[in-house]
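Both complexes shown next keep chain A, but they swap its partner, so chain B is in the first and chain C is in the second.
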Partner chain A sequence: MSTYPLLSFAIWIPIVAGFFVLATGSDRNAPLARMLALFGAIAAFLVTIPLWTGFDIANGGMQFVELKTWIPRFNINYHLGVDGISMLFVVLNAFITIIVVAAGWEVIQNKVAQYNAAFLIMSGLMNGIFTSLDGVLFYVFFEASLIPLYLIIGVWGGPSRVYAAFKFFLYTLFGSLLFLLALMYLFIQSGGSFSILEWHKLPIALGAQIWLFLAFLIAFAVKVPMWPVHTWLPDAHVEAPTGGSIVLAAIALKLGAYGFLRFSLPILPDASHELSSLVLALSLIAVVYIGFVALVQEDMKKLVAYSSIAHMGFVTLGFFMFSPMGIEGALVQMVSHGFVSGAMFFCIGVMYDRVHSRQIADYGGVVNKMPKFAALFMLFTMANSGLPATSGFVGEFMVILGAVKFNFWVAFAAASAMIIGAAYSLWMYKRVVFGDVGNHHVEELSDINKREFAILGVLAIATLWMGLYPQPFTEVMHASVTDLLRHVAISKIQ
Partner chain B sequence: MEMQKLYLLVPLAPLFGAMVAGLFCRVIPRWLAHTVTIAGVATAFIASVIIFKDVQAGHVYNGTVYTWLTSGDYRFEVGFLIDTLTTTMMLVVTFVSLMVHIYTIGYMQEDPGYNRFFSYISLFTFSMLMLVMSNNFMQLFFGWEAVGLVSYLLIGFWYTRPTAIFANMKAFLVNRVGDFGFILGIGLVLAHFGSLDYKTVFEKAPELAATTINIWGAADWSLMTVTCICLFIGAMGKSAQVPLHVWLPDSMEGPTPISALIHAATMVTAGIFMVSRMSPLFELSTTALSFVLVIGAITALFMGFLGIIQNDIKRVVAYSTLSQLGYMTVALGASAYSVAIFHLMTHAFFKALLFLAAGSVIIGMHHDQDIRNMGGLRKYMPITWITSLVGSLALIGTPFLSGFYSKDSIIEAVGLSHIPGSGFAYFSVLAGVFVTAFYSFRMYFLVFHGEERFGKADDAHHHEHEGDHDDEETSHDHHHGLAPGQKPHETPWVVWLPLVLLAIPSLLIGYIAIEPMLYGNYFDGVIHIDHHAHPAMEHLKEEFHSAAAMGVHSLTSLPFILALSGVVLSWFFYMKRPDIPAAIQRRFSAIHTLLENKYYFDKFNDVVFAGGARLLGKALWRGGDVAVIDGFIVNGSAKLVGWISSITRLFQTGYVYHYAFTMIIGVFVLMTLWINRA
Partner chain C sequence: MFDNFVVPDLLPAAPELFLAAMALVILMVDLLVKDSRRTVTFVLAQLTLIGCALIQFSTSTGEITYTFSNMFVDDLMSDLLKLFLYMTVVIVLFYSRGYIIEREAMNKGEYYVLALFATLGMMVMISANHFLTVYMGLELLSLSLYAMVAMNRESVVSTEAAMKYFVLGALASGLLLYGMSMIYGATGTLEITGVAERLYSGGVNKSVLVFGLVFLVSGLAFKLGVVPFHMWIPDVYHGAPTSVTLFIGSAPKLAAFAIVMRLLVNGLITMAQDWQTMLIILAVLSMAIGNLAAIAQTNLKRMLAYSAISHMGFMLLGITTGVVSGDARYALNAYSSAMFYVIAYVLTSTASFGMILLMSRAGFEADNLDDFKGLNKRSPWFAGVMLMIMFSMAGVPFFIGFFAKFSVLQAVVAAGYMWLAIVAVLFSLIGAFYYLRVVKLMYFDAPLDETPIQAGMDMRILISANGLAIGLLGVFPQVIMSLCAYALLRSL
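And now, the complex of A and B:
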């Protein structure tokens, strides 16, 4: 194992880089700011690679652990570590940050330094969330990460950006407050510890578990987002700049789901079992109901936003079946969704930059003018509808197969996403890309440039790699997921 | 070890061709695109022949290539199972694919998407080979969806045509409905067998034959029945069985070479292949077999009827394909899996031939596909004429031709089957013989014989009033129909050579292959039949003496008489007395309307499923998300906060005397409470 504090690097390199970028100041230095941001993002990504290559797949516990006292009076520690559940998200997050910086390269001409700094800082904060093993540290990162995203939507967003930013902020803040209360309760109950790993072992009565579970559920459900607290997401996506949408979909949505695995399941196993059918029901509603809603969207970003919600439904569904296939499938789905939805939002961004519309009706026949783009967009559309050999298939396949064993009708409802998902994805593609050139805006389109091609190409390789050979992604999960399931199977009621 | 490399070579060679032609489609010249893809497929074909010989020598292979994924106790692998069923499919796929590749050089020569087209058909060949060579359900599903993807891309190849891009989406979605059942079936297999590996599953199947599962209410369902029906729903999508057949006629929007390769010879038979592969499971559920039998019988007969009224040359062949797929499915239901595969093979040859011949006619007619504008083409296109005749004769089951052996065996097997539904199925396949002969020769006579109806001045653009796609341009730069006075010409050698090469097996393969495939030990250890419960094949074997005797014997049998009368009647109707069909059409206009509308399946799906889904989506969105969640809860709570603050704001007036007054009242209240406490 490495002797370097890799996790601290993963958190602080992008944050420090972000402040350097901020220091370049006004837009006169925009080229410098961009280069600096790209270097920061790449450096931050490089330090996360040893996390994967050096990961001990036989060890289900925490690895690369760092522990330092932070606030001794309240027993709060700077405690970091990753296991098979969180490691991939650190890598994914660092990877997506590069994509995001590259995605805004020519598009963002206003407050360039601030824009890039916001993304870098957010990237560091999100790594903090995925690696924190201390409740307070987690909460600080969890809340702090809201600020850059709020600013990204509120400053660089579309016409109703303020409404969207507020809706996003209030929704998530509401969840966070309940989360804070739950942390306080656990602190007191555990006799003064904020260590998440100690909370995992803490016996709690069923009644208390249920209250805590509901508090966590609301906090995390808003982030995922689960039905019915999902309505902030389409608005946030529509108003956010392309980079904001990519981060929102690829990383921010994973925070809530991650919370379920780090907090709800291991700390509250009995309540998790008790209330699993509630979560399953909400997940299936997300898959089916949201699928139909996605079908009728006229705004491409809204459509993909709704499809994100449906895909995240698979994640929560997988978690609460308490089987290795379910949980690993859900984790795979989370990573895959990072690639695919990120790519989908980028594709929409590519068209938006040229035509300045997200309305499906404003397009038609894009393939005639942008054949390279159309081919790549096709790949991601197919991945979005879960085609085998793309990453989008793997998670859905595992969750559906796991669900058949769990309950046939749960699987039946989940598998219907195969039809609905294909319907909304392909119908949008057909109306936007196929056909004769729809109008003079489409007529004037130019195909993707080298930068855009590189971004989509990298995402395409990731999508195909994960679809054709997902084993490297899942083998790191096995030990931790097995430990988690063993843990969840033991009652904590005394 | 050497053979294993050869196994890998079979799918990878076409994949390589597809990648070269696809990734560099805009830079490489046309000759390179077709050379590299044809070389890839030819390599796969030659390797398949070697593998076929090796398997004949008794070297069956079942092994893993790489581990795709492990999760919990489950292991998903990519691997090959190379046995006689696989090699049969490999030969059919690579041979037909090779023919189609060569043919494409001629057919697509004017098309701007030439390289892309070659890339797609090679990619298809790769996917189909992965499907048939799989040794597990997961990879089968991979190939299954991958061929669906390529089919989607190819149906929509001319992506500016509204009908094409509608048809390809429809094809994909209808197939997804099938896949929905298929994946549930796979899930049941995994849940109850603990593996997706064919060998493990099939070995364990007898133990689980009596297992029941509780799916609905208190009733217990046989695990095998539910699993097999779920799997068969997948087959219904891919092999276009009623009611999931609706995508196949529309798939004719794609270029003709792929109609031959994908929508006749190979992809659509994937379902037949799959059920044959799963014979150890299907044999354990007579209920599932009955279901298969009845669905197949409905498809065989009722899709045949639709072939009678089609005027588009490709659509006639398409409905004939649907009907023949029904025959294969019927054979599966009668536990005559080997017969189904046999018919799959003969059909692949003669139907690919018929489609490619139709394509040749279409080239000759300058992309006019309406058979009412043709006639007398035999003078101008002799090779196309002869090969079409061979294909049609094989299709209707002329004794000694390939289609005869396979189709007659199906009819006899169904006749000997006694599972529920077999009576209806027997009637359907017999009646189907007459119908097949009638529509096949209707097309044949209208195209190749009789009066020359092409090239008439007033005819050049008269066909926009009929059919749902006749008025579409086949491609941007193709002119449409023959100019007045212009005569059709025989097509270049790259087009007719594949016809000739396909005509040979269409003539001979049945005679050669029937004895080993159906009655020898060709499929021993591959196809499993419970002879006690489903004795049809055993009885069939007793009745069979030799291929020659079967042919001679059939000359006095009912199917032959039916086929002959079909041919004669179509000759009489369309050559002798064309007024009769017109009169019948008027007399029975209700039936004609029903057929014209394809039994209203499309309308029903449009209104109920497509319309219903959109309506539901709108209702959930406008009603659920916008009105209730955002309107009532989110904005409602915002309003509530606003209302509360508007009241509390009353207390923040900014006047000192208001605050002072409030404080005095507060102090007064507190004092009162304090005093009362004491």
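And now, the complex of A and C:
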């Protein structure tokens, strides 16, 4: 194990790099800002690699732990660590940041430094969320990460960006404020500790657990987002620039789901069991109903946004069946969705940059003009609908397997969603890519350039790798998930 | 014939005496200074404040010392508040300078002298241990402020604001005095610690006392500017010249906090159940009306006025949770969180009005929300500073405003008032909307006016430092938090 504070590096390198990028100032220095941002993102990614290679897969506890006092007045510590559940997300986040910087390379010509800085800072803050083992530290990163995304949507977004930015910010703030009060309640109950790991051992009465669970649920459900508090997501996605959509889908949506595993399940096991049917019901609604909603969308970004909500429904479904298969499947699904939805949004961005429309009706016959693009887009569409040999299959299959053991009808509903998923993904693909050349905009299309090809190629490799050989991903989770489930099985009511 | 006269111990009041003497000297010196060389007055006033800080530092013993026949108290709480007071006034005068130089009618030495007298009044309030001392300090502050608001004589709005401030302020002083006299009637003493002792030993007419308490709390509410005694705040903030709004909106909050602590906590702690209930009502109303009304404003000064109302309401929450069903276990936690809140608020509010001064120039006030449109295009750096100020006020981390809200909320939760905490966060959510709108104007909209910012270098550096302090103290809030806790531990 390394002696370097790798997790601090993973948090602070992108943030510091972000401030350097900001310092390049006006758009005259845009090339410098881009280079600096790419350099920062790559450096931040490199420091996260030892987290994976040096990870002890037999150890279900926290690794790479850092502990310093931060605010002794309230016993708040700068306490970092990763286990099998969070480690992959740190790596994924750092990886996606490179993609995002590259994705905005030529497209963003306005306030380039601020654009790249916002993404770098947000990347650091999100690493902070995944690695915090202190409640307040977690919360601080959780809420601070709203600021860059608010600016990204509002400054570089589409026509109703202001509405989308406000909706995004206020919705998530609403959830997190109740979460903050729940943290304070736990602080008082535990006799003055904000340590998440100590809260895992804290006995709490059932009534209090239920209230806390609901407070957590609101915070995390908004973030995931779960039906019925999902309505901010399509707006935010549609209005955000491509990079913003990628980060939202690939990383930001994982924060809420991660919160369930870090807070709700281990701290409130009894309430989790008690209210699991509520969460399962909400998840199934998301999977089935939102799947149908996705089917009728005419805007490609909106379609993928709704498909994200449906995919995240699989994740929460997997969590609340309390089986190793379910939770590991959900975690695989989260990572896979990071690659696939990121790639989907990038593909839509590629077309939008050329045609300036996201309406499915404005396309048709793209394959005739962009064959390379069409091939890669095909792969991601397949992955999005959960085709075997792609990463999308592994997670959904594991969750459905877990569900079969849990309850046949739950499994049935979840499995039917795979058909809906295939329907909306492939139907969109067919209307956009196949057929005759639809109009003169499509006629003028040029195929993807080297930069775009590289981005999609890397994502394609990741998707296939995870689909064909998921072992490196699942083996790191195993010990931690077992640990978590052991925790959830023990009642905390005294 | 002087047998009975004991020379009081002057050391605890040394900064006050120094400031009073220097203010008189500066008044004289200013007579000899031409308008073009007004800088002399400015420098002297600043040196006086720095001198006060040095004297405060060197004479502070850390013990609770009474002097002037127990009318005046010097303890760590007063030392700390006064140090923040000097700092705030120094910053305020720096920010004001460019603004008043550009405005003929205000560029007078009296501006600085009045500011110094107001500071003296606040110092007396902070150190008061007697109802009359409280009143004396309060009137010295208020009278100086009335004059400062009216200083821009050509402005009808300012004159109206001054009239309004004067009439309502006088009414509030009357309420306060009436309350004091009732309490005097019930306890037979005007000394704050004396009142506490009488109440503790019992046998006091409760109904007279409660009657007096109601008036006292109303008077304090007026001075703090909390609902339903808030009507003067928006008009005065809006009507006063921005440099005076900056003054009113910052330092006096420290003094108002101090007299709340002196009167209610030092004096009437045994009545805590009664005044806590009143303060809870005031706090909830302030957060509701302050935050809701702020949404409707188009003038930034008015918006900040309503935001001040809501912030003072939030601060009161900290004070309401000191005593829980007769148990004062949480007192230190609660009061120090309120103190931290007030200090954090003053720091942030100084910066927010400072930004308006920064943007203004001769003949242009920059106090409309639309004047901030597209600031990111005109000056990314100052847009960034304003962004920090706004997010700090909204209570988003990593800014000091978050930890201010955090410490008050944890005090409320610790005291078991979960419903109050939920109300508080819901109104903060509403509050976040109008702070976000300022950020939206700066970042998402195109500028209406492309004139470069004309402020001087000193102003630019200072406001940048102020903004960075909001950020840095948000990352490292421990220093001030523990200072507040320690000062109150040694003073209560």
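Note that in this section the second predicted complex is superposed on the first by the 494 of 494 C-alpha atoms of A that agree within 3 Å, B and C clash if a C-alpha of one lies under 4 Å from a C-alpha of the other, contacts with A are read in each partner's own complex, and residues count from 1 in each chain.
Basically, a residue touches a chain if its C-beta (ideal position, glycine included) is under 8 Å from a C-beta of that chain, and two chains touch if they have at least 3 such contacts.
Predicted model only: the values in this text are computed from it and were never measured.
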The answer to whether chain B or chain C touches more of chain A is B
Is A:F434 in contact with chain B, with chain C, with both, or with neither (first, second, both, neither)?
first
One more residue to check, A:N368. First (chain B), second (chain C), both or neither?
first
Could you tell me if A:L233 is touching chain B, chain C, both of them or neither one (first, second, both, neither)?
neither
Using the superposition on chain A described above, determine whether A:Y185 touches chain B (first), chain C (second), both, or neither.
second
Pick one for A:L51: touches chain B only (first), chain C only (second), both, or neither.
neither
Report for A:S323: first if it touches chain B alone, second if chain C alone, otherwise both or neither.
first
So, does A:G25 touch the first partner chain B, the second partner chain C, both, or neither?
second
Between chain B and chain C, whom does A:A144 touch in the aligned arrangement: first, second, both, or neither?
second
In the superposed arrangement, which partner chain does A:L212 touch: chain B (first), chain C (second), both, or neither?
neither
For chain A, which residues lie in the overlap of the chain B contacts and the chain C contacts?
none
Which of the residues in chain A end up touching chain B in this complex?
167, 228, 231, 289, 292-297, 323-325, 328-329, 365, 367-368, 371, 378, 382, 387-389, 393-394, 397-398, 400-401, 403-405, 408-409, 411-412, 415-416, 418-420, 422-423, 426-427, 430, 433-436, 468-471, 474-475, 478
Give every residue of chain C touching chain A within the complex, in rising order.
376, 380, 387, 391, 396-398, 402-403, 406-407, 409-410, 413-414, 418, 421-422, 425-426, 428-429, 432-433, 436, 439-440, 443-444, 477-478, 481-482, 485
Which of the residues in chain A end up touching chain C in this complex?
25, 70-74, 111, 114, 136, 139-141, 143-144, 146-147, 150-151, 154-155, 161-162, 165-166, 169-170, 173-174, 177-178, 180-181, 184-185, 187-188
In the complex, chain B residues that touch chain A
26, 66-74, 138, 141-142, 144-146, 149, 152-153, 156, 159-160, 162, 165-166, 169, 172-173, 176-177, 179-180, 183-184, 186-188, 190-191, 213, 215, 613-614, 616-618, 620-621, 624-625, 629-630, 633-634
